[in-house]
Amino acid sequence: MINTIFLYALAGVGLFSLGLYALIVHAHLLRKILAINIMGSGVFLVLVSLADRTQGIAPDPVPHAMVITGIVVAVSATALALTLMLRVRSETGQAELLEEPPK
Amino acid sequence: MNWAFWLPLLIVLSSLLAALVIFILPEEKTKTRIGLNIGAALLKIVLVAIMLWGVHSGYQFETRLPLLPGLELVLRADTLAMLFVALSAGLWLLTTVYAIGYLEDSPHRSRFFGFFGLCVTATVGVALAGNLITFLLFYELLTLATYPLIIHRGTEAARKAGRTYLIYTLAGGALLLIGTVWLYTLTGTLEFTARGFLSTLDSMHHPALIIIFVLLITGLGVKAALFPLHGWLPQAMVAPAPVSALLHAVAVVKAGAFGIIRVIYDVFGIEFSASLGVTLPLAIVASVTIIYASVRALFQDDLKRRLAFSTVSQVSYITLGVAIVGPLATIGGIVHLVHQGVMKITLFFCAGNLAETLGIHKVSEMSGVGRRMPWTMAAFTIGAFGMIGAPPLAGFISKWYLGLGALQAGQDWVIFVLAGSTLLNAAYFLPILYAAWFGKSTGSWPNERNIGRYETSLALLIPPVITAILAVLLGLLASVPFSPLEWTRLITSLEYTP
Amino acid sequence: MNDILWNLLLLSVPGLPLLLAFPPLHSRLPWFRYLAVTPAIIVALMSMTYSIELSWLLFGIGLGIDGQAQLLLGVSALLWIAVATLFSRKTSNSKAVNNLISSLFMLTMAGSFGAILATDLVGFFVFSTLMGYGFYGLLIAGDDLHHQTRRAARIYLVAMIIADVMLFEVLLITALVTENMSFAMAHQGIAQSDYLTLYLWLVVFGFALKAGIWPLHFWLIAVYRHLGSAMAILLCGVPVIIALLGMLRWLPLGETSSITTGVTLQGIGLIGLLYTCFLIFFEWLKNRSFTMITVYTMLLASGLFIIAIGTGLTDATTWIRYENSVYYFIALLSLALAILLALTIRLQQHHTTTTATQVDDNTAMWFERWPATAVAWAGNIGSHTLPEWRSGWLAKVNHLGLLVCVWKRSLAANERNLQGWTVAITLFLTLAAIITLLLIFH
Amino acid sequence: MNLIFDTHWVMMLILLPLFGAVACFLWSRQAVTLGLITAVSVLLSVIALTLQVLEQGTLRYAVGGWGAPLGIDLYVDGLSLLMLIVTAVVGVAISVYSSAYFKPGKAKHYWPLWMFLWAALNSLFLSADIFNLYVTLELMGLAAVALVALSGSASALAAAMRYLLISLLGSLFYLMGVALLYHAYGTVDIALLAQQVESSPAVWAAIGLMVTGLLLKIALFPLHFWLPAAHSSAPAPVSALLSALVVKASFYILLRLWLDVFPEANLALSYLLGLLGASAIIWGGIQALYQTRLKLLIAYSTVMQIGYLFLAFPLASIIGWKAVFYLLLSHAIAKTAMFMAAGNILFYGGHDQIADLDRVAQRLPITLTAFGLAGISLMGLPPSGGFIAKWLLLEAIILSGQWWWAIILIAGGLLTGAYVFKVIGFAFTQAEVPHEPRMVPKRMEWVTLTVAVLAIMLGFMAPQLLALMDLGAPFGETMS
């Protein structure tokens, strides 16, 4: 019997993988940042869905607390990433990472 | 104050502290530096003399500091240690005096004398080490302290020599480390004990012990310049003369040889080593080194290079003496530690004098130099004859006991090695003497300078003369109490089961 | 009190020359050469048997005087005075060279006196080595030196070093069997040990090399060809006589018999005698060089000496009877030869010496040429009779020979003409072969 | 005395730098002074905490009195205490160094970030649950990225960006693992997990995710690609911080999890880690040898030294763990000194090309000495912390019978020797100074030397430090 909650979890893992794929494949920094965010959402989805470990009883509150914390972290990380991206673009003229090693 | 605890530590610290102060001394404070150098050297000699007397009267001097759980930093004054300590303390003073004269007006003296002091500290530490880990510690310190001395000149050749030196010695040190740790895991102790501490080990471990022996001896053999690990030594002669003198006579090469003595006698135990069957191969390696290096020395035109190959050859006498299982050979090997030191330092001092005063670096430039610098060349002559083993010089005593020991142990082949070495030594030393005394002088030298009132400055002249006299006295007065020979007899009596 | 005086006197016999070897001392003293001989003469004149033991010196060295030593000391002192007189006439222009020659002179003198007085093996060895090196120095010191003399001196040096190496082995063997190295104790010890034959042969070989006895006489002849009178007298009076003395002292004569060794020695002595006779005959026919004939006379005498030693070894009791006469023999021999040499050299100097240059070419000895000879020999049998590939192989050997030459040339950097090392190697190989054989038999 | 034993130093360690960060931010003109005061007070707190722990044993502190599973627990045992100590020591040294290094314009950004990083590090070491570890890891990462970007050059920004992405990626992997573990056992507390965890597919998946995420952050070969750029383009004090502490923090988490949470018998994984470590040693060493810039050389040296840390995994013995932990400590100190020395050289000559060092090296003897001493510790030559670590590691290797690691260990030591002396060799060549140099403030040189001497002194503190490590028996019960 496929539990709906388990389905959510699977979706979470799917998001995670999708994000990982995008992170590796795309060169543009904005896409990479978005990919990271999608991965994060995937993880949060897994966390929330798996909170319902014990059938019937009210879901465990702890994972929710975790997810909220995680979102806070993710927001600040994204903010930092976006600032950095803008700085990189203003310094190098493009929002991509050059592959060659530093001079 | 507990003298038994503090004295070994003080002996090590006397040069260490001096070195550290010298490091931070500004370059132009020549007087202070000289005072510090000489003062520390004298202090060390006094301390060593006290300890020598103490050891002879049966006092136990021992410093123990915790290093690792179950392992301690041990400085202990046993008879063998005292022999080496006395040698290095004595020759340090002379070399310091010499170096002060030699490096007059040259740059980076603070750095030089700082590392010089460190080098002696490490040597004394090697001598006093009471267990293998302490030995290892100072042994590696010695590598580090001598490297800057070798590349002191900063030329490309010096850098190259330094690099070679490091490759050899660091690799050797690594092998030594593995051997030591392995030994520790087998026995749980590394304490030097007369007649060794391994004979009680289960015979199941004997193959492992043989491998450990090879590891340790290879590691030490690098510094002792055993063939084929000697490659660094002839290159290292680019260093300034006092450094070469110290390197060849006291510090690096001797530390290796001393380590071999320690490992064979106080870790494995000579009788146990013989029963493992490892001494004969070692003796053969030493013999090959003796002959090979002598032959190589024949072909060197650079004086210091020739002396360097001579060192390779002569130091292996020590190893040979140790590897021939028998008390008399042991005496020969150990006493050569001192004798070779005194003779070789004389030779290097003289080579330095020639280079510094006349700009002579090659044997072929030495024709007639005896008339220009008679005192220097007289000292050189004594050193050279000592190396050949002419009686009654110090080298004769060593050869005597080595030969006798070989015969006593039934290893007659060693006689041929000794005879061959004598001939070869004569072959590469006598032409030098011949050229110096009887050759026609061309009248002009490559780079002559007038230093001082005498043939060269007194600081350069006195040390070789003193060591030359010592080389004569060590031979003539070999049987006098407290002579190295008598002291060595005392050491040997402890190493063999009666 | 008297003892102290005697000790001092005895010590000063080798000690005073040794002290006077220091340039600062002898350059300030007048007549120092004669001064150095004085203690020796005093001791030689006082007839007394006395000995001292210097236990603190080396492994313990003994000096002593008895009838035999007195005789030799006296003769040798006389020779030294004669040589000193000859020497002081010819002096170099350079002060440094003079100082050097004087020092070497003193060292040689100290060595010879010490060896005569020594009552133990080590002492004898020490002093005779000192004398040997000193003498080598004297041979080559001086401003204008014939290059052949230089070469001859080098051969002497090599012979001496090899002899010393052998005698060193003798010392080791002795030390192995006895604690006390004095002659008497050593003889006792060695007579009872298994090493007796080895000991005898090493001693005989070592000293025969030093004394230039047939068939080890090659260096002696080479050296003599180009010596001045002073050095010639010194050579026969000091190194040769000391070597003969060494044989007398070191061999356990009169205490033990070794028939085979003795007989073999007698045989060798006899052949040597015959050979020398031939030499003298041819020399007389060819060159009429008085010096060389004198030298050959010396060979003759040493041949006789070897026969005597052989006889002594065959029969101990006979030896005891004529022991003293052997000492007289060598003492007189040295005196007679010295006088003879002095005279002949004087004579020769009045005549023009035209022959010398012709003889020079022969001074390279056969074994010095052995690598080249071997290759030539192989070439002869190879290239004529064998197929191509063999000669190719020979070319390689030849190449090797060339390499040897390169080696030689590289040695020349040290000293122009170092062919002496071929001698060294050959001799060493011979020595090795002999010792190996002896060890096998032993 | 009561003051020491009753105060909650654990909280102080987190709050002090946090307040420091805020203060530096608010009063940016006095940032240097405020930062230094904070640094010293953190150091004092750590000392106090050490005394407290020595007196009372391991410490568990529930923040706000809530307690697990809902509240946050802080836990101090030998492992975390030593990490705190080394952080404090390095932190003070870096603070002193930075006080002279940065120009005022940069300093106002630097100090708050650095204090913030310190707070994150301290709370990371004190965390007793795996989720809290995630949060602190993330905080530390963000602060570190900002510090890397501080110099503002294009390469620094690019390196920072890459570092940020990697860091976030690693954290997310880790968080996924946390989620799985929580699902399986309903707790994130390490101690509780340790009692319950058994081998199961979910646990294995979690282990895989967490280890991957952490390895990314630790930069173990072959996941080290981001490290040299990030560590070498940052300002010197930041490089020191990253190499000495930030990388080590991730390793600390891995160690904690491996020792407490992950079940036994993951033999294959441990061998894999060992193998990667060995490759890192060789690869990092060779790379370092071929670098032409000093800071890159040091950065690759970090890659290499990280490899050593993983040699303990296949050995799985207490002595092995202690060895690598000791290595971690001594590497932290030595690497700090090394980066500081590189900073001095850069400061003085304006470049860090190794081939041109001879002009610079001769004029900075103190710096060069410091570099040499740190190098000795890295090589593992006695007497130094590195030597003790190497000795213990060799002992563990030989006791385990897996002798092939010893070959790697020795080869690594020789490679280290090669690249350290490649630099030091230039100290002795004579060369003229071609241009007007910028004088290095005395403070920077001396603090470098002090840290380097400390790296050597670690060789003489082994008995005490090893005893401290045993507190709470983090590596297992039996005494070695």
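We call the chains A, B, C and D, going by the order they appear; numbering starts again at 1 in every chain.
Convention: a residue touches a chain if its C-beta (ideal position, glycine included) is under 8 Å from a C-beta of that chain, and two chains touch if they have at least 3 such contacts.
Not measured: the values here are computed from a predicted model.
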In how few steps can one go from chain C to chain D if every step must land on a touching chain? 2
Could you find the chain whose CA centre sits the greatest distance from that of chain B? A
Cα-centroid distance, chain A relative to chain C, in whole angstrom: 100
How many angstrom lie between the centres of chain A and chain B, each centre taken as the mean Cα position? 67
At what distance in angstrom does the C-alpha mean of chain D lie from that of chain B? 43
For chain A and chain D, what's the span in angstrom between their mean Cα positions? 27
Among the chains present, which pairs are found to touch? A-D, B-C, B-D
Within the complex, chain D is touched by chain B residues 23, 65-69, 111, 133, 136-137, 140-141, 143-144, 147-148, 151-154, 158-159, 162-163, 166, 170-171, 173-175, 177-178, 181-182, 184-185
Taking the touch rule as given, give the residues of chain C at its contact with chain B in the complex, in rising order. 23, 55-60, 94, 96-97, 99-100, 122, 125-126, 129, 133, 137, 140-141, 145, 157, 161-162, 164-165, 168-169, 171-173, 175-176, 410-411, 413-415, 418, 421, 424, 428, 431-432, 435, 439
Can you list the chain B residues touching chain C in their complex? 298-299, 301, 363-364, 370-371, 374, 385, 389-392, 397, 399-400, 403-404, 407-408, 412, 415-416, 419-420, 422-423, 426-428, 430-432, 434-435, 437-438, 475-480
Enumerate the contact residues on chain A facing chain D in the complex. 16, 20, 23, 29, 32-33, 36, 39-40, 43, 46-47, 50, 53, 60-63, 65-66, 69-70, 73, 76-77, 80-81, 84-85, 87-88, 91-92, 97-98, 101-103
Write out the stretch or stretches of chain D touching chain A in their complex. 69-70, 131, 134-135, 138-139, 141-142, 145-146, 149, 152-155, 157-162, 164-165, 168-169, 172, 175-176, 178-180, 182-183, 186, 188, 228-229, 232-233, 296
